[in-house]
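Okay, so chain A shows up in both of these, paired with chain B first and chain C after.
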Partner chain A sequence: MIKELAKNKEGAKERCLKAYEEAKKLQDKLNHVITFIDPSEQCEEIKEGKMAGVPIALKDNVNTKGIKTTAASQILSNYVPIYDAHIATKLKDAGAVCIAKTSMDELAMGGTNLTSFIGPAYNPWDTRRMTGGSSGGSAAIVASGTVPMAIGSDTGDSVRKPASFCGVVGVKPTYGRISRYGIIPYASSLDHVGYFTRSVEDAALTLEVLAGRDDRDMTSSYREVEAYSELLNGDLKGKRIAILKNVTDALHEEETRKIFFDLMKKMEEKGAIVEEVSLDENLMKAILPTYYLIANCEATSNHSNLDGLRFGYREEGSDMQEIMTNTRTKGFGPLIRRRFVIGSYGLFEENQERLFRKGQKVRRLIVEEVKSCLEKYDAIVAPASGSIAPLIDAQKDQDELSDEYLITENYMALANFSGYPSMTVPMGFIDGCPIGINITCGAFEEVKMFNIAEGIEEITGYKDLKAEVK
Partner chain B sequence: MEYDVTIGIEIHCQLKTNTKMFSGAPTSFGRMANTCVNEIDLGHPGTLPCLNKEAVAKAIQACTALHLEIDPLVKFDRKNYYYSDLPKGFQITQQFHPIGRNGYIKIVTDEGEKKIRINRIHMEEDTAKQFHLSKMSLLDFNRAGTPLVEIVSEPDMHNGQEAEKYVEALRQTLYYLGVSDAKMEEGSMRCDVNVSISPKGSGKLGTKNEIKNLNSISHIGKAIDYEVERQKELIEKGEEILQETRRFDEKTNTTVLMRRKEGNVDYKFFPEPNIFPIRLDPAWIKEIQENMGELPEERKERYLNQYGLSEHDVDILIANKEMSEFYENIMKHTDNAKSACNWLLGDVSAYLNKHELSIENSSLKPEAIAKLVALVDEGKISGAQAKKLVDDMMEGKDPEESAKEKGMAQVSDASALTDMVNSVLDANPQAIEDFKNGKDKAIGFLVGQVMKVSKGTANPAMVNSILKEELSKR
Partner chain C sequence: MSEVKDREYFKKLAQQLLFRLSDEEADSIVKEFSTLEKQMALLDAVDTEGVEEMIYPFEEDTYFLREDEVSHVISQEEAVKNVSKKVEGHFVLPKVVK
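After this line comes the complex of A and B, so read on.
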């Protein structure tokens, strides 16, 4: 879709204004945008490129020079960046026109998009349901058909989970494939730039625009950017697919199982070699606690710069130390403060060895486990969520120590631990709401991943899905 | 009671690089506040560190000159604490894997030569500068992110003099290498001194006190001397020495309590996730090591051999790198090493001090001193006359020309000198008498009189011999 739009540069202004108006119109129902950007000015000087005149949206943790960037937190509620994120520049250079900064969980910490300082984002397929998070606003604005691509970020599954709930394609490429410079961080060793589209083809094209070495991010890769969209063939023949059995074993939702295993059968019919693989159950159960530990430890340090002294929201005090304390006490939501306390605790000298450092060791073991599986298989697949998006009002009676919660709902962080490319594509509908399948491949195997995803897309026919927002 | 004094020193030294440790903003000194900063130095959200290769190269040079083992795997860690001068809320440093370990530097004290061991050198970034006024505090972020090395000594020093010599030796070495400006008074080199005392021969270390931010070498000795006395008094009064952070007060030459240390602060150190460990190429390290400038000790050795100067003169010359380089430039135009050195360390230095100039920003040319030396050596002007040319020369004038302008010429004409000698002898019969009675001093007096009559223009050597000749005739 993006390719066709970019060919028609003449229609750009009209198209971008229309997207902008549509997003504004849907805001009442979706509450998915924090800042709208009137595209008129940008449309005066659209650059030639792969996204010439294509309207897009950015998650509100992507810094945009001169345009408010809040990360959905009170503490950055008035923050206007003095520089553009690397990808904001890349998108501009490719001709993309940004019409909105989308809602998210506060500081990208959360999986529900219920903790944004503007309130929850609502699922375009059923507005009683959540979008998932933390990149919920971006998932919603793509699912509703307003823009063909929106940027998200993925630290645990923050792109791939909302993609499942909103029926869109959600991609998290290899760590280092896309520069993180200018993305307000959550946990540096797990943070990835990701994005949403409504087709695998658009996903492949988008990576061509975003990927590449950036000297300002020392973890960004020098590896050459491939022509992902041209290398697409959707060929599943001979592809060795590992079903992550730990996830499907713990999955009790019958309809999800049926959709998933039907799809597996069809993949086999297309020539894929599909096998069930069990990874070490203890390690799989350790993913979530390990993730929380590492993520919270890094986050508490990463956000120490938010002190009210140099930028952002400030709560006054009698001296600088008091300003810092007051600002941080009032500026962060209660969940964030809780995470910072956990993170600090894990880093204390007397705790660090048995908490943070141990977490790092367990992380390494989990990565080894995934790596050895991917030496035998082309991809690991499993449902991206146990069920469709939960109702926002539903009483949360989930047992947080059950296998279903520990593994099925939270296993996708293994791609953040390893940095391996991972993406979600829609695989079916339950009660009119979408659910996705997750595909993870080896480091820098994006071409292979896109091809498997395209093969699945050809089977399901779920391409360019658009939610009718009611 | 007698005591053992134990001193260890931590030095923070700004590296002389074009840009900051982890950002592309220029480093600065004395620039308008908050003009040498970018989003990284201000700790804006979303910024990431990018390691300055030049800073690593300078750190390698420092390690090499100070004989440290270099860790070819460069790693960084975060030191987490909240303070208004720390923009990110953490400092990027090398807690767990310093770039250099186990080195030393030689010092010479009244007791002879001694090695002071260096425990470690690590790289880190500087903080912002704070100015506390009565009703407000101001922050200047120009300094934030400036590359630093921290040099940590072993507790190998035992008195103020050793500590001063250690810091001076480090300062010279780092300055010679071009690793740092190493100016204590400007803060590009900052010194924290740990002092403890214990009963002599007890073998135990006493409770240490840290004296922070000493900003001149002479303060180091004074601060240590005071601190040792203070601790002695406490012990002798039967009081306990508490672990404290103190500062030196230059008005009273005492140390003053800043804060007591109650347990260690937990900085929650952990590896910096945004900088992967970097394996340095051995060829690159070698290239840096092979292209280092001459070290002060090497230069000293060379001067002693090449110029035949006294050790005392050489020490003074090399203490100032620019002065010693100027000296070498003079020596390209003259062979009289001693004379050139005397002019430079004598009249020229006096002029520079008086006018608060440094050799490199004065108008003096090395050739001028060489010419001055030649004028005297060739007997064209006298030493006394030469001294009168110094002011002109310091303003960039050619001494030969100003000698001409001033009508200076040494009188070396034998008949003219004989006339002068005889007129002096005629006027001083008593001196002739003294001379005949064996008082050799009378010669000196008479030479002085001739010089006076000639207004300093007489050639002293010739006056001497003519005087003796004429005296024998009388």
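After this line comes the complex of A and C, so read on.
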């Protein structure tokens, strides 16, 4: 899709204006955008490139020069960056035209997209349901067919989970593959730039545009950027696929199991060697608490600069401490404040060894377990979520100590711990709503990952899925 | 560890982080905390004796000394663009010494 659109540069202005109008029209139903960007000016100076004249959207934690960037938080509600994030420049240089800054969970800290300061984003397939988060607005704007690509960010599963709920392709490449310069951080050792598309081919092409070394992100890799879209080949013959048995064992939704295992059978028919693999159960159960500790501890420290003094929203007070306290009390939503309290607790001197450092040690063991599995297999796969997107009004009655919650709903953070590339593609529908499969490969094996995803897309036929928003 | 994790405990902790919690919010953390402690206990089931902490996914350094060349400059005007109170290129804050 993107390739074809970029060939037709003459139609760019009309196309981008149409996308902009469409996004505005859908806002009432989806509440998926924080700031709309009239593309007229950008259309006057579209650069030649792989995305020439292609309308796109950015998650609102991507700094955009002169355009409000809020990270869906009151505390940044008036913040207008004076510089572009590295990827914003890259996209502009490739000819892309940004029409919207999308909604997200506040400061990317959440998995529902219910905590944005503009209210919840709604799922295009069924607006009574959540999009998932934290990159829910971007997932929705791609799923509704408005733009072919939107940027997200992924610290635990914030691209791959909403991709499952919204029936789109969601990619989190290897840590260091895409520069994070100019992305409002959450937890630096886990944060990745990711993105959504409606086909694997577009996903491969997008990475060609976004990837590459940037001196302004010290973790960014020097490795050569491959021609992912040209190397795309859906041949599954001989591909060794490991089903993460811990995830499927803890999965109770029969329809999800059926869709997943039917797909596995079809992959075998295409020549893949599919086997069930159990990783150490104690390590699998430790993924969520490990994530929670590392992410919240890092976030507490990262967001100490949000104080109302140098930028962002400010509440008045009689001295600096009072200004900061008043600002941070009003500026952060309740979930964020809760998470900061937990993070700070984990960093207390008396808790650091028992909690934060313990989490970092367990992280190493989890990564070693995943790594040794990927020495024997080309990819690890499992359903990207236990079920379709939950209803927004549904009472939260999940047992947060059950294996289903600890493992099935939260295992994808293992790709953030390891930095390994991981993506979700649609695998089926339940009650008219989509659900995805997650694929994780070894470090910098994006070519292999895209090829397996392409093989799956060829089996399911779920390419260019568009939700009809009602 | 022996300290009681009640409403007041978390309110005090929030104060150190420079924000306030309402009674309701503090109570919800108390509630959440008992589940969290049980989840954290899952880490104890993992033997980490002799294991080093993993800080970043890849342990290869990419830092370097860059050439002493000027790049990515911002003007003074830009630097204070997002400050709510400013005078002649300076941030304005209440007096610290009274």
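Going forward, the second predicted complex is superposed on the first by the 470 of 470 C-alpha atoms of A that agree within 3 Å, B and C clash if a C-alpha of one lies under 4 Å from a C-alpha of the other, contacts with A are read in each partner's own complex, and residues count from 1 in each chain.
Basically, contacts are C-beta pairs under 8 Å (C-beta built on N, C-alpha and C of every residue); 3 or more make two chains touch, one makes a residue touch a chain.
Since we're looking at a predicted model, the values are computed, not measured.
Look at A:Asn305: by the touch rule set out above, it reaches chain B but stays clear of chain C. Of the two partner chains placed by superposition, only chain B is touched by A:Gln352; chain C is not. Of the two partner chains placed by the overlay, neither chain B nor chain C lies in contact with A:Lys237. Once chain A of one complex is fitted onto chain A of the other, the partner contacts of A:Tyr175 are limited to chain C, with no touch recorded for chain B. Contacts of A:Gln321 after superposition: both chain B and chain C are touched. More residues of chain A lie in contact with C than with the other chain of the pair chain B and chain C. Residue contacts after overlaying the shared chain place A:Ile342 against chain C, while chain B stays out of touching range. Of the two partner chains placed by the overlay, only chain B lies in contact with A:Asn63; chain C stays clear of it.
Once chain A of one complex is fitted onto chain A of the other, the partner contacts of A:Lys258 are absent, as it touches neither chain B nor chain C.
Contact with both chain B and chain C is seen for A:Thr219 once the two complexes are overlaid on the shared chain. Shared contact residues on chain A (touching chain B in one structure, chain C in the other): 79, 82-83, 189, 215-216, 218-219, 307, 309-311, 319-321, 324, 344. Taken together, the chain C residues at the contact with chain A in this complex read 1, 10, 13-21, 25, 28-29, 32-33, 35-36, 38-40, 42-43, 45-46, 48, 51-58, 62-64, 66, 72, 74, 78-79, 81-85, 91, 93-94, 96.
Interface of chain B with chain A (complex): residues 38-39, 42-51, 78, 80, 82-84, 87-90, 137, 139, 266, 268-270, 273-276. In the complex of the two chains, the chain A residues touching chain B come out as 61, 63, 69, 71, 76, 79, 81-83, 85, 180-185, 187-189, 215-219, 297-298, 301, 303-307, 309-311, 319-321, 324, 344, 347-349, 352, 356.
If you check the complex, the residues on chain A that touch chain C are 78-80, 82-83, 175-176, 189, 215-216, 218-222, 282-283, 285-286, 288-290, 292-293, 300, 307-312, 314, 317-321, 323-325, 328-329, 332, 334, 337-338, 340-342, 344-345, 350, 355, 357-365, 367, 400-401, 406, 416-420, 443.
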